[in-house]
Structure formats: structure tokens, C-alpha cells
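Below is a structure I'd like to ask you about.
In this document, chain identifiers A, B, C and D correspond to the written order of the chains, with residue numbering beginning at 1 in each.
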Amino acid sequence: MAETTAHRPALVRTRYAETDQMGFIYHSNFFAYFEIGRCELVRATGMTYADLEMNGIQMPLKECGAQFRRAAKYDDLLAISTRVEVLTGVRIRFGYQVHRIAAGAATHLAEGFTDHLFIDRSGRPTRVHKRPEVWPALERLLALDTFPALDPDALAATADALLR
Amino acid sequence: MAETTAHRPALVRTRYAETDQMGFIYHSNFFAYFEIGRCELVRATGMTYADLEMNGIQMPLKECGAQFRRAAKYDDLLAISTRVEVLTGVRIRFGYQVHRIAAGAATHLAEGFTDHLFIDRSGRPTRVHKRPEVWPALERLLALDTFPALDPDALAATADALLR
Amino acid sequence: MAETTAHRPALVRTRYAETDQMGFIYHSNFFAYFEIGRCELVRATGMTYADLEMNGIQMPLKECGAQFRRAAKYDDLLAISTRVEVLTGVRIRFGYQVHRIAAGAATHLAEGFTDHLFIDRSGRPTRVHKRPEVWPALERLLALDTFPALDPDALAATADALLR
Amino acid sequence: MAETTAHRPALVRTRYAETDQMGFIYHSNFFAYFEIGRCELVRATGMTYADLEMNGIQMPLKECGAQFRRAAKYDDLLAISTRVEVLTGVRIRFGYQVHRIAAGAATHLAEGFTDHLFIDRSGRPTRVHKRPEVWPALERLLALDTFPALDPDALAATADALLR
């Protein structure tokens, strides 16, 4: 298990495969972007989502939703900001904001949430706060209850270094 | 433009490509299933969604949501029931129910909604009730405001004839 | 295990989610269509692909390829014809043809193949011809080594009964 | 149009949405990874694929193929190396290698190719070497005919700075 890392937006470059014939990113892809956001948020606790699964914890969705303000397009650089909105022993709810990063500015495109149950390998709900192998890391999510700061210039520079 | 057809659930066989490593259908695929449901609902008016686009009308999403009761799995036969919940000149909202059809029974897996704007080719909102080339067909959607009857035996028989 | 069924093309209605901003079906979706074709071919033996997995047999890809003659578009009705090109105890290769069915005619859009290994739950290659719980069904695939007949009118009628 | 950038592997973190119930990344996603590779390769010429489309040039697939040596899994960090294998006025072929980057080492997972036609907005083949608005940039692709060097430590460090 690694040490904890910074809480920051996840960066995603939209793919041609994700466009539709309106020339927009097809809406269901935002739920895959949200997934990237929450995986990176979990990683910031020092435990990855893959570690959680290896410990027999899975997090199927109970509910999800999204609101779209402006369309995303092909080759957009998106920042996915994620926070924990609810965390109990049996359930977790994440909130998301998606911004397009371009020309030194962040444009708010969409927001949403996903609500998850914690289940064990048998598919039954499990109480994660009674699981000492995962709770210390998961508990750190409680502190990640606000969206991280969004610095378009820094994000564009980081993206430059990697994604282009 | 074809004549109107029956209002009935759309049938979908889940794909291996849609599973995830929990052994469930990944949740974002339900939004593609919802899309099949509303396309078939629009087709029941005698005008297809493709016809709408050829008339310069597009329907990007404003909002969507889903609730999951039970997981769908690989090779499940799903019935997607769709109804119109709101239709004004500028906006349409569809509601969805997803059932698994197996052994003569229908199991309720999920429900959801999508909220759409009507826009024209320039990307601006358009008033469809003032477009005589599309409104007569779209107006028929107003009558499709309840979920169609769900007959598991009939659906399984139809699926047998085609999907297996 | 069900009885064997007819060897016939699988029918697929293309989805809006599968389009790209060229207005075509994004090419990688053809591999999901191929998957539908081979699943229906396996089903014709009286054993489903899901049954195979329950017997501990999985079929990951070793290789795949596709050639595209004409683009598929949104709302196209596609017929996926599948045949077995190679079947040994450790490996299976399927061939595919994709046609668009419209106006009583079939237009050849694409063809391809997928090459699979048989592995067991531990991830190791397994010899399926020594597995009496699956071989009698799999062996029936040897007879499915030609593409099924393609009757556009019959396919359109079947699709009418179900997919629209 | 931006200046040219380095020719280097593109980095991709696999998504949960891309797994299947074998616990592997579903094979068709590799074609989306290849797309990321070639988009970044085109970007290295100083012209993006989006710029090409704005100049009326599209690149639909004529053929594609992939060979899989080892499975990719959830949360893998992948390096997509891309080169140009053929470039004429009417056609371009890209080659790809995919490696998993972990623990300071690169493991070869897959390789493949995509073969594209250049077409114009009317859907007809076009001769890009006679289009002065795009050829100077495209011509730079001719020099990108070998796979870039693969330095696992540098890639892991870059990924650390961004993707986790």
C-alpha cells in the first residue's frame, strides 16, 4: 500500500471513440470519466480501488445521475474533480464536476454523482468500518469532502507534459 | 415516413463487451439501453430518430439518472420499457424501466430517465411544435405516457424467434 | 443445456452510442458485433458461452482483424454471419461477415476474424476435447464451417417483428 | 497550428469500464488505445487530428488487426507506441505496440495496425499530398516510421506526476 497522494482533479483527453454523430461526446462516457475521478480519489488515500477488490470489497452502483451544461467535444482536455459526499460503513456517494481546460480557462461542462454499496465477494452488503484491512485507508476519504482547487494553467502544463 | 407501430418494450441481449470484472453489466451501458428504448418509442410514432436528424432536429441530453435494484449479467435478455414523461416544444423527458426476462418471469433491475433539449443544426434550442415537418409525429409521443404492458412469455417467444 | 438451434445470421440494430463524429459506426464496435455473432453461433450447439464459462472454460483473444468495405451508420439493421474456421482442442478461430439489410437487399459492409485460446479458471491453456462436459457441444461447431444463407426479406421480416 | 512535439509513447490508464468478466481488458478497447496512439503521433507533427478534420480531411478505417500476447488488467498503466508504416497521398497505415509499465519494467502486451483512407467531406477519397493546407504537417509523419524509445522509469515518473 502506497503513501497518500494529493487530492487533485484527474485529467482526461476525450477520445474519438467517445464522440457521436452530433459531434459531441456521447453522454454515457461521462460515467466512465466519473469512474476515473473516483479511482484517483481513492488512490489519494494510499489504497487503490484494485487493492480494495483484492481485499474482497466491491462497490457496485446503487444510483447515479448527471447534468450537462455544455457539450464536450473530441480532443478536449477535461478535469474531473471528485469529492466524497456520504461515507458510512455500508455506502459511499461521490460528487463530480467536469471542466474543459483550454486557453488558460476552465469551463464547467457537467456535474454528477454516483452512489455505491459496499459488498463482499458473495455479493452481500458488508460493513467496511469493521474491516481493519481497508477502513484506515477508506476513512481518509472522509477528509476529501470538498472539490479540489482547479488551476487551469497548472493543469494545462501538466497535461502538456504528458497527454500531448 | 412509415405508419405508426405498437408501443412495446424493446428487447436487448446483454453483450460480453458490456460486462465488468465484478461479473456485472457496467452501469453506464444502461444509458445505451435507455437510448434503444427511446429510439424504439420514437419509431412507434411512424418517424424515426434518424428522420428527426434529417429534418435538422437533434436531442442532446440535459440531464439523466438511473437507479439500480439488481445487477444485470452477461447474456441476460432485457426488456426496456419507455414512456414520455414531459414533452413541450423545447424539451422532452423519457422514463425507463429495465426488466430481466427469464423462465417466464420479469425481474425489475433498474429504472431511470433522460431529459433532452431540442436543438437545430446550429446548436440552438428550437421549438419543435412550430415545425410542421416533425410535430405531427412527435405529438403522437404525448399518448405514450405510460409504460407498455410487459408479458414475459410473449417477450421470451419473440426473443427466441430472433435473438437466440 | 438446451437443444441445438438453427445456424443463421445474428441481427443487430446499430446504436447512437456507437456512432462517431464522422457519422459512421466507430470501427471498434464491429468487434462487439462479431462477439454477438460467435455467441449466437455457440448457442446453436445447444450450449451457451455462459455455460462454457460455468464449466470453467474461457476464450480470450489471441488475434483479431477486420476489413471495412462500406461504413455502417446509425439505425442500420446489420446481419452478422459467423462460421468456425479452425477448431482444435486448444484454439478456435471464427470468421465473420457483416451485411446491412435494407429495402430487400443485403450490402456487404465488413468481414473479419477472431482467434481464441481455450483457458481454464487458472488462466492456463486447456484441452477442450478432453473435457466431456463441454466437448460434445463444442464438437458440433465443426459442422458450422460455412456462412449461413442470407435471406434479406426473411431477415427484415424477423427484425420487423422484434427490433422495430 | 502548434509547433512540433516529441515522438514518444502515449500513456493510458485502463478503466474499470473497459474490463470484462474474465477480469481482462476487453479486446476491442485496444483499438481505442491505438486511436490515442495515432492521435498523439499526429499531434507531434504540430497539427492535430481535429485540425485535419477542420480542413475537411477524415481518415476512416479500411482495415485493422491486433495480436494479444498477455492480457491487460484494470488500473494498468499502458504505453502505446505508434509509428507510420505507410503514407501515400491517399492512404496511411499506423503500427502499434502496447506495453504495461510497472515496477520499472515494460511488458509487451499487444501489437497491431490500422489502415486508413483519406476522404473529404463528401466521403470521396482525396489526395492529401495535393492539399497545401495539410500536407506540410502530414509529411512530417514520414519521419515517424520507427517506434519511439521506451523508458519505463521515465514513463512511470511522468505518469506519477499526472495520472495517479
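One rule holds for everything that comes next: contacts are C-beta pairs under 8 Å (C-beta built on N, C-alpha and C of every residue); 3 or more make two chains touch, one makes a residue touch a chain.
Keep in mind that this is a model prediction, so the values were computed, not measured.
Student: Looking at A-C and A-D, which one has the bigger number of contacting C-beta pairs?
Tutor: A-D
Student: Counting in whole Å, what is the centre-to-centre distance of chain C and chain D, each centre being its mean C-alpha position?
Tutor: Distance between chain centres: 28 Å.
Student: With chain centres defined as C-alpha means, what is the inter-centre distance between chain A and chain D in Å?
Tutor: Centre separation, chain A to chain D: 25 Å.
Student: CA centre of chain A versus CA centre of chain C: separation in Å?
Tutor: 35
Student: If I count partner chains per residue in chain B, which residues reach a count of at least 2?
Tutor: As it turns out, chain B has residues touching two or more other chains at 16-17, 21-22, 28, 31-32, 74.
Student: Have a look at which chains touch which and call the overall pattern line, ring, star, complete or other.
Tutor: If you draw each chain as a dot and join those that touch, every dot ends up joined to every other.
Student: Using the touch rule from the top, collect the residues of chain D that touch chain A in their complex.
Tutor: Of all residues in chain D, those touching chain A are 5, 10-11, 13, 15-17, 31-32, 35-36, 39-40, 43, 48-50, 74-75, 158-159, 161-164.
Student: Which residues of chain A touch chain C in the complex?
Tutor: 16-17, 19-23, 26, 28, 74
Student: Touching chain D in the complex: which residues of chain C?
Tutor: Of all residues in chain C, those touching chain D are 21-22, 24, 27-29, 31-32, 53, 58, 60-68, 71.
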